[in-house]
Structure formats: C-alpha cells, structure tokens
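Just so it is clear, A, B, C and D label the chains in written order, and each chain counts residues from 1 on its own.
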Amino acid sequence: MIDINPSGILVRYNVKMEKKMTPEEAAEELYPKDPTIYPIAKAIFEGEEDDVVEGLEKAIGSGKDPISLINGALMVGMGVVSRLYDEGVIFLPNVMLSADAMQAGIEFCKTKTSKVPESKGKVVCHVAEGDVHDIGKNIVAALLRANGYDVVDLGRDVPVDEVIAAVEKERPLMLTGTALMTTTMYAFKEINDKLLKKGIKIPFACGGGAVNQDFVSQYELGVYGEEASDAVKIADFIKENGNDIAKLRGIFHKH
Amino acid sequence: MIDINPSGILVRYNVKMEKKMTPEEAAEELYPKDPTIYPIAKAIFEGEEDDVVEGLEKAIGSGKDPISLINGALMVGMGVVSRLYDEGVIFLPNVMLSADAMQAGIEFCKTKTSKVPESKGKVVCHVAEGDVHDIGKNIVAALLRANGYDVVDLGRDVPVDEVIAAVEKERPLMLTGTALMTTTMYAFKEINDKLLKKGIKIPFACGGGAVNQDFVSQYELGVYGEEASDAVKIADFIKENGNDIAKLRGIFHKH
Amino acid sequence: MAVTRCTKMAYAKADDMVFGRSVTPVKTGLGLEIGVGYTTPEVNYAPRPEAGASKEKLIKEYERITTDIMERMIQIGAPAVVLETEHVEQMSNHPDWGAAVAHAQKTIMENYHDEYGIKCALRHTIGDIREDRNYLKLRGDKYSVLMEAFEECAKAGADILAIESMGGKEVFDHAILRNDMAGILFGIGVLGSMDMEMIWQDITAIAKKTGTVSSGDTDCAQANTAMFIAGGLLDKNLAHTIAIIARSISAARSLVAYEAGAVGPGKDCGYENTIVKAVAGVPIAQEGKTSTCAHSDLMGNLTMQCCDLWSNESVEYHGEFGGTTVQCWSETLAYDCALMNVALDSGNEKILRDMFAASDMYRDAQGYVLAYPNAYRVGQAIAKDGNDIYLRAKNAALESIKIVEEGEKGKLELSRFEANALKDAKAAFEALTDDKDQFVSDCLTKYKNEVAVFLPENYGL
Amino acid sequence: MAVTRCTKMAYAKADDMVFGRSVTPVKTGLGLEIGVGYTTPEVNYAPRPEAGASKEKLIKEYERITTDIMERMIQIGAPAVVLETEHVEQMSNHPDWGAAVAHAQKTIMENYHDEYGIKCALRHTIGDIREDRNYLKLRGDKYSVLMEAFEECAKAGADILAIESMGGKEVFDHAILRNDMAGILFGIGVLGSMDMEMIWQDITAIAKKTGTVSSGDTDCAQANTAMFIAGGLLDKNLAHTIAIIARSISAARSLVAYEAGAVGPGKDCGYENTIVKAVAGVPIAQEGKTSTCAHSDLMGNLTMQCCDLWSNESVEYHGEFGGTTVQCWSETLAYDCALMNVALDSGNEKILRDMFAASDMYRDAQGYVLAYPNAYRVGQAIAKDGNDIYLRAKNAALESIKIVEEGEKGKLELSRFEANALKDAKAAFEALTDDKDQFVSDCLTKYKNEVAVFLPENYGL
C-alpha cells in the first residue's frame, strides 16, 4: 500500500470538535442536587432500570409522591440525557437505554398510586402504508417519549384509514409520518386530505429518507422534519406557540 | 503518456454506425427525375442559392408556374434534406444552408407572380421572457421553415403579453417556446393560463435545456419536445390528426 | 443444492485483489462478462412516485428509464452497462408485474445490443416481501410468492437474480439502538446466515433452471442500517466503530449465498463485499462516491478498490439540466469505469486501487477496516472457522476490533466516544462463549423475552 | 491597467503540468490556496424556479444552498470547498440583490470556517447582462451596471470574481450553424478578445480595489455552444471536429483575461483552460464527469488532468434520496478531489493525470486535442504570435486541425463526416489572410451584411 499523510486529504472534524468534558462529567454538572432525586436522575442517565426503581422506592419511602417523581426526578434525569444528546455529548443508544429505564420508572410509579400522571401531550406516530422502514420512526417515538410526550405508535405499513381513525380517537397534538420510499410517501397526501375533510387541522410532521421539504410543502398540514430530534422540537414549539403550520414551516423548512 | 488500447475503454459508435453511402449518393437516389426540377432540388441540397435561382429561372422560362415550383421543386429538394437529416446522413449546417437557399428561392418565385403561395401552416416561435438562449429556438424555426411551415419568429426574451398578442393575431397551428433557465421557463405557465382565459386552445410545444417533461405536463396546453426536429413532427402530427394534446403527449412525452 | 462452507481464501494474498478482475468471472446477459479484466457501470433507479399507480404506468416508467440509460451510454461511447431494477413491492408481490417489467426492459436492451453491439445485462433484485405489518414471515405463503417472483422474472428476461434478505433484522433492529453486541451478532451472524442458507439454495436452483445468474445478497437490512444510523462524522446516533463491527459480521453472513451456490456479482450496497470477494473470489458490485444520489458514506473512493461493477445505488427518475437523473448518473459511473479500465489496460490497476483505498482509509473506522489489506484479514478470520457460522462471525467482529485498535496506534484517529464504544464492544465480544449451541440457546431465551416481534419459528428454531 | 500579451509558455514542457499545482497559485477567501498542491471541489447550483419571486426568497434560497453544502463537507471530512454562485439575471441587473446574496453566503461560510476551520471561498460569476432583446449592448449604461455588480458583490463578500462574457456571440451564432470558419474565428478570436480586453482591465481594477481575486472568463457563449450543439457521438447537429476548432480558438480569446490582469482560477466551463494554463500558468477550474447534472460531454475524466478546482457546473437545488442535489454533487466532487490529493501526496499525480487523459483522448476529436500534451501544442501555437490576437487564434485553429489529422493516423477514429468537415475547415483556414487588418475589414463588410444584429460599435469598430 502507498503511504500518505491523511491530514491534507481529510479532516476528522468529529475528533477535532469533541467536547473536552466526558459525558459523565457533563451530566454530573446537570443533575439536581436533592439527595433523593440525584440517584434517580443519575440512574436514568446511566440507563440502569434496577437503580431507577431502587431510587424511586427510596424516595417514595421517604415520603415523595410517586406521580410528582415522574416529573420531578425521572423527567429531570431524562432532561439531562436529552440536553447532552442535543449538544452532541452523548449518542442515541444512551438515549434509548435511558428511555427504557424511564419507562420502567414510570410503570413502577404508576403501581404506587391511583392517580394518573399527566403527559406533555399526545403524539401519534406511524410509518406510511406499504413501507416497512421503521427505524427512523422508532427513533422519533423514543425521543418523543424521552421528552415526556405520550406516544401512540401505530407501527409500520399503516393503512391511511387506520391513521385517520387513530387521530380521531386520540386527538393528538400532532401526527408524525415516516416514509423511506418514493412510492409510499404519497399516502401522506391522502392522510392530509382525509383529515381536512373531517375538519381536523393538526400539524402532520413528516420525515424519513425519501421525504423532502418540497414534497411535504405540497399538502396543507405538512411540516417537514429532517432529524428525529426535530419531531421533539416541533412538538415543543406547538405546545408553546400553538399549531400554526406556516410558522412551523418557517422554522423547520431549512432547504 | 501511457499507451492504451482504446477499444476496451470506449466504442466510437458514430464511426461504427456510419451509413455506407455518402450523403451525395444518398441524395442522388432521392432527387426527382424531371430534368427541370432535378437541378433545383440538387441546388437546394447543396445549399447553393445562386444555382437555385438559376434553376428556377430556367424552369419558369420553360413555362412552369412559379408558385407550383415552390411545392414542386423547392420543397421537394428540402424534403430530401430533411429526410437525410432525420436518417443521420447529413448534419444541421447542411439543413441551415439548404433552408437559406430555399428561402432565397421562395423570395425569387414570389417576385415572378402575384399569387400568394400557400404554406403548410403557421407556427409562432419564441424564447421565454428573461432568457437570451436562442440557438435552440433558431434551430427549431429553421427546421420548421425547411419543412414548409410559415414561422413567425418573435425572437428571444419575449414578454408574455407579446406572445399572447401574436397568437391572437396569427392564429397559428401551434406555439413553440424555448427556455434554458429554470427561472425563465415559468413564463410558459403564464402563457398557458392567459391563452386559456382567452379560450385559445392550441398546442404549446416547449423545449430547451431547462425544460423537462414533468414541468411541461403541469399546464394544460404543454407538449414537451426534446429535439428541435420534434417541433416539426409535432406540427406534422397536428396537421394530420388535429390538435388533441393528450394524444400529442402520448407520442412525444418519452420520459 | 448442498452448502459448501468456505474455509479457505480465494486469493493467496490481499495484493492480488483488484477491481475488474475476479477469481471466478461471470458471463451473463448480452455479451457481458464480469470480472474478466474490465469494470462496468451498474445503473440503479427508482420510479417516480406517481408511476406506481398501475401496472401499465410502471412498465412504461421502466421502459423510459431503460431507453434513457441505453441511449446515453451510446452517446458517450460506453462499451457496456448493467441495469439493476430493485423491485418496488408491487413487482414482487405480483410476480407478473415484475416479469412484465423485466420483459419490457430486456426487449429494449436487446434492440440496443443488436443495433450497436453494446454489452449489457439486466439484474432484478426481488423485494424481500416476507414481512407483514408486525412480524417477519420468513417461511410459508410469502416465501412461495418470493420464489415465484424470482422464477417469473428470470424467465421474462432478467439475467442476474439478487435480493437483500432480511433474516435476523427484528433482533438486530432492537440491538443496534442499544449497543447490544450479542444481539447484533445473533441477528446478522446467526439468524441472517440461517435464513440465507435456505433462500440461496432455492434461488440457485431457479437460476440453474432458467439459465440465469444466482448473484448474491447484501446485508442491507442490518449492516447498512447501522452504517446509515452512524451517518456522517458529526452524527451522534451510533458510534462508527460499532457500525464497522456490524459490517464485519455481515461478511460472514453474506458469504452464505456463495456457499449455497451463488456465483456473483455481489450486489452494490454490500460494503462487506471486499471481504466476501477475498474469501469467495466472486465478482462484486460496489457503490460509493457515485451513489451520493442515494446516500452518503465515508468511503466514496475506497469502495472502488476491488469492484467489478460500479453502481449509483439508486436515484429517483426525474429531469436535470443534463438529462434525466439516470442519464446523469450512468454517465458519471461510466467515466469512473473508464478510468479503472484504463488502469487495467495500462497495468496501473494496483496503484489506482491503492489510491482509492488511501483516500478514505483514515476517514473513519469503517473505511479503515474495509481497506482491502484489512478486509482480507477479516476474511481470514472468517475462513479460519468457516464451518461454524457463529464462530466465524464472532471472529470477524474481533478481528475488526483488532484492526481498528492497530489503526488507532497509527494514522487512524478516533474520537474518544468512538474509542470508548470500541472498548465496550471488545469486552462484550470477548465475554461471549465459543460454543454456537450455547450462544443460540442463550439468545433464544433473551430475545424471546426482550424483542416482542422475534419468532424463532422463522428460522426453524 | 495595461495589457501584457503572453508570448511565452508558462510551462517548459507539457509533462510539467498536473492537477492541483499551478505556476502562479492564488490565495483567497478563508484560508484557501488554489494551485499549491491540492485540488478543491467547486460547487455550483441554480435556485429553484420559484425562488426568483423576490429578493428575500432568493437570499433565503442561497442561504439554504450554502448551509447544505458546508454541512455536507463537514460530515464527510472535506478539508476545503469553493462555492460558485452564477448570478441569475436579477442579481446582476440589481447589484444590491447580488451583493445581498454574497453577504448572506459569506456569513454562513465564515461561521463554518470559524467553527470547524474548513478552508473556503466564494466565487460570484456576474451575468453578462449587456444584451437586450435584439442586440448586444456591450458598451454604455448596461456596462456600468455590470461593473457595479462586480464591485458590490466584491464588497459584500465574494472572494473570486468571474464572468462568461459574450463578445462576438452574434457573429458566432450565425456562423456556427453554417460551418462558416471565418465567422467563427472573427466572433471568438477577434471580437471576443477585443471585448475581453476592455472588461478584464476594469474587473481587475475592481478586484485590486476590493482586495478580491480577478479570476477569468470562459468562452461559454461560443465554444461551449459549439460543444453543446455537437452533442454526443450520435448527434448530428455539428461535426465534433468543428467544435474542437472553435474550442482551440477560444483559448486564444480566454487568455486575454490574464493578459489584462486576471490571476485565475479560470472558470469551470472553460474546456479551453488546459491550453490557457499551459500558456499563462494560472490555476483553473474544470468540470467533466461530475457535472453530468448540468450537461454531457465526451471528456469526463480528461478534464481532471490539470484542474485546480473541480466543479459540477450547475445543478438545480432540490431533494434526492441522498440529500439535496448540492449535497450529493459536492460530496462526489470532494471524493474526486480526495483521489487527486492522494495522488499528489504520494507522488503519483502524473500517472493519475495520464490515466485521466487516456480515458477520453480517443473518445472524440475534442478530447484528443485537449489532452494535455496536445493542448500544450495549441498553447505554443498561440504564444508564438501572442501579440496578434487574430493570428494567434488562427494558429490555434490550424494547430488543432493538424493534431486531429495526426490523431487520425493513430488511434483516434473519425467518422467520414467528421473527417470531411475537418478537411473543409482546413481549406477554409488555410485560405485566410495572415493580416489582421485585412481580415477584420473583410469580416466587417461580410457580417454587417449577413448578420442583421451585428453592430460594430459594440467593439469600437
């Protein structure tokens, strides 16, 4: 093999840009100080289900309300995770493991009370009819859940009418659609038209390999999202500023 | 330089496919036998204006009607040219020179009579507003003329309303538009809409670098043409089969 | 058909491997030979969305695509071309659709071949339709339709038969998002290999019967998913060091097609193909810098190093300034091939190959392991225990880890994150048993529990 | 500014010319150097049709394009990139539009440079707006707007200034469709050169004043028109042997920019640039196999032989599977450059250059003449009579004819049609006077008569 000096050929920007702090150090700075909350948040960050449950047990034992722990401890830990993911300090598998741990924590809390926890809002997720590419959707759903949304995941290859029925039933904050094939993404238009016919005007966030902004702009409810994390940002924006689709497009249509 | 055997790298299909006959031999087989017509047709093929006029003079001298010579000699010669161009035996500059010679011949015939020659039909040609790329249009116009059409050439960078006015005035068989820029071709849509508003439903053949079939399919009157010679084929089709745009698209939309 | 495991390398040494030549070339289609000393563009395309509306529209669309490509190849003087039609779901679910498309395409190709003498062949990649909304359904009714699709397309004109099969994907999908090494190994190396053993014996039988070419499989469903999730240098969904482990394991899996009778050319999106070529000696298609229309990777030149066909992976059919997309991309591919063919003709193929490899082997861990000298080593690790699909896959993983570790001591830079992920992965693989049965039984327990959609009966387990 | 004619070759011999290195490199933009030993992708793009609707929309469109490209370059680890914005008419006719776009783009590029250290520069190619519906209006009011556009864009952030000027085009357009050799020579070699002498002194003055780079012109309006009309191997609108004569003449014309103070990099679409580099030693941009998005040519690899920037010419901005078009094409360009840079780094640049040239020099007459050893000879024919813009252009034509004739005796095949066109052209050029004044006066008479739109006052004649 010939020998080269790679530095003139390519730049390893990821190495160059890496944050000085380790993820653990960065997380440590963000954990809440409260000694009953701290171990729960940390266990969430580390994705250790058992430690989460153990921490919750202790906290409940010391008098904390199970429901308040969901927002006050589990979500706080998850907030650390989401923030560090957004900043590029940690990667998706960490988020997935933390999200799994958080789910376990929420389930545990629910067993300890008869009150129903309040969610940030409901989102219906699906992969277009005819399309089995569902990893993108799975990431979207996981990140939404990790950020406190109540996700109704319809799965993949979902018939248009089933999507409509779910939206009618759940009345979500928004609907998400994923499609990775040019031949399947057209279902989004149909969904749009059927929703409008029923007078339902919620943002329909669409993404996935084949989908592009130009396509999504063609139907009234469409908002294009590039990254899975955009789904969270879109939902957050809706919660804070209402569901004006023109405004959403103004922010999220970057191409 | 390194030395290679190009035969494994590339194939000179043009060399491989070249017809056995020379253009002159091929033309000779197609000229009319009539000794007064033959030299005119041949002079057209050779693009020799002087010989065309000389031949016409002789023919008129021997009693031929100037107007009938237009169809009976000039157009026949041009027919040979067009056919050999279509078959790939001769190239565009030959056609251009022949067309120039034919124009000279027609002008000459007109001076010899008060009758008005009949054309195959009128076509209005233009380059879209804002666009100065006019060579494609020039080729289109030349080929249409060479095939007996009466071309009203509006030139380049033609404002939409001027196109509409010309169509209203000339009532052509069809309109052609050329655009080479994505930013100019949108004028075609406007033209389409304004024509429809006025109830004018003629085929609007569109071509040129930026234009593609998908774009042209978006407006009712549009028929996409890839090659300049398609303009002639479209006109011929209209003359023979009427101006049904769906039918025209069926034939000329190849992509 | 029997399955003959690969336990030896097809090439005596890495340096013997080059683009355009393979140990066992393949003759196919209209005058085409693959791996005999020249490379050929392989053009891929996806119909426009509207085209799926009816069988007629779809056929028309593929006719246009085919004509456009053939026409452009003639215009620029390209001596040969392969067209790959990756089935959209309708074409595999209704084998008569797929067959009609194959027939329409082949007719056009024959006309061009007759008129101009251009060498060409048609690959049909049947969609792996053995999946319903919730579960993989690898065996049963859908399997019969799948095989029917192969047979009908072969009879109708397809020269080269391929698939990107999905065995193991349900476990893999779960594992890859959780850095679960055992799951990645089980999904790709064990379940994937088991499923391939079944389908490739059957596809090869169909190819024999129809006089077509049984060409091979890629681990698109798994290793490519990992590569896509890993993404570019700044993406943060998966460590690239994990993606290359999945890729290395996938070589042990994709090899199974050849063990079951396939002869190549391996499909374009198999980035594991250099490893496979090293072991099995078959010609391979590859994609890279000229498939940016379809996806981005970090080894645009490197993948050319040992390719026999050079592909654009896929592009949606539509217009550009320079013609339709299939014309633009096929032309670029054809020039890439012309360059390689010049090198082959002038005896400079090894230096060009080395330049291709050098361009990207330090770009990230994936390119480093897939650079042909390292890919060869992964191949050796596989062949060493070629008879044990589990052990060879595990070997591949460990060898790739070792290669990256060595690289890090040299010119391959890793981010701390990538290095940590590698370390954790190494520990995980080293902790695994050497006993296949033990591993399978552990995994069955684990994933029946963790992955709701995992049905062992899909694999006869 | 004075005009200093080139009467000597910048390179002692053809073999000294390679990609990535030029005799007189150029420093520009944010840390970029051109021609010092590495090649850099130059990405070109056209806004979507709708984007022209308003100034705001247009700016937004270019912001998106710029971000997309910079982002992708970072994702794949490209060390450097140049962006070329070819003005749409509004941007030159309203210099504040062009300036606003330049500013918006540069701001984004600065951010990326600051964050990642990526080397980059912005080229603005002002539209030659000196034309109204019927006539060229090379001098007068439109000229002032043109120069204002240069100055405003330079002040607003453009690093590199370019234009594709149109002098001579009215005569050329008439001549090229009629195989009229004198008209081709007059249009390109005389009128084109005269117009360039004027504008390039003024552009260079603006560049000096604004601290930007006066880069050069290409004969897009004429030589490229000929190349496009000539088309592919089976097209029948113009003999390729005529197209290469027009191209060779255009080298004598495009050289004028450098004689008037420009320093390069010559613009991508100047297929005459290899000749120009041989004479003037300036760095050049080129396009070829990775500009199939914009057009098809017959020298996809060959044009890489001596390029310093490597361009995709232009692509409409829209989505593809692999990202937006500007991302896809910039990535492909970046890998092409990586390959060349590997060659430069490892001392293999000459062998790679030769492979590029060999790929296409027998593909048609154009590639044959532009192959660097032959291009060098055309350069010598120009430099020999460098002081006489007419004679040097005629020399270039005759030398190119001679080169093709020699080629035909070797491995370059010509169709009978091409050979005949060449023979006729040769006779036409040989019949021409050696006296510039005589030629100009003959042509004035002829073309005032034949070409209705030809106004001698455009050239001060």
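Throughout what follows, contacts are C-beta pairs under 8 Å (C-beta built on N, C-alpha and C of every residue); 3 or more make two chains touch, one makes a residue touch a chain.
Predicted, not measured: the structure shown is a model, and the values here were computed from it.
> By the touch criterion stated at the start, how many steps lie between chain A and chain B on the shortest route?
2
> What is the chain whose Cα centre is as far as it gets from that of chain C?
Chain B.
> I'd like to verify one number: the distance from the centre of chain A to the centre of chain D, where each centre is the average of its C-alpha atoms, in whole angstrom.
49
> From the C-alpha centre of chain A to that of chain C, how far is it in Å?
Roughly 31 Å, centre to centre.
> Mark out which residues of chain C touch at least two other chains, giving numbers and ranges.
46, 48, 74, 77, 233-234, 316, 321, 338, 341-342, 346, 348, 351, 355, 358-360, 363-364
> Could you check chain A for residues that touch two or more other chains and list them?
Expected reply: 2, 4, 9-10, 12-13, 17.
> If every chain is a node and every touching pair an edge, decide which shape results: line, ring, star, complete or other.
Shape = other; not a path, cycle, star or full graph.
> Going by the touch definition at the top, which pairs of chains touch each other?
A-C, A-D, B-C, B-D, C-D
> If you look only at chain D, which of its residues touch chain B in the complex?
46-52, 88-89, 131-134, 173, 177-179, 225, 229, 233-234, 236-239, 316, 351, 354-355, 357-360, 362-364, 371, 373, 411, 413-418
> Tell me, which parts of chain B touch chain D in their complex?
1-2, 4, 6, 9-10, 12-15, 17-18, 22, 85, 88, 90-93, 96-97, 100, 130, 132, 134-135, 138-139, 142, 155-158, 181-183, 185-186
> Chain A touches which residues of chain D in the complex?
Touching chain A: residues 37-38, 48, 64, 67-68, 74, 77-79, 115-118, 317-319, 321, 324, 338, 341-342, 345-346, 348 of chain D.
> Quick check on the complex: what are the chain D residues that touch chain C?
Chain D reaches chain C through residues 46, 72, 74-77, 231-235, 288-296, 298, 300-301, 314-316, 320-323, 325, 327-329, 331-332, 334-336, 338-339, 341-343, 346, 348, 351-352, 355-356, 358-360, 363-364.
> Flag every residue of chain A that touches chain D in the complex, lowest number first.
Contact set of chain A toward chain D: 2-5, 8-13, 16-17, 209-210, 212-215, 254-255.
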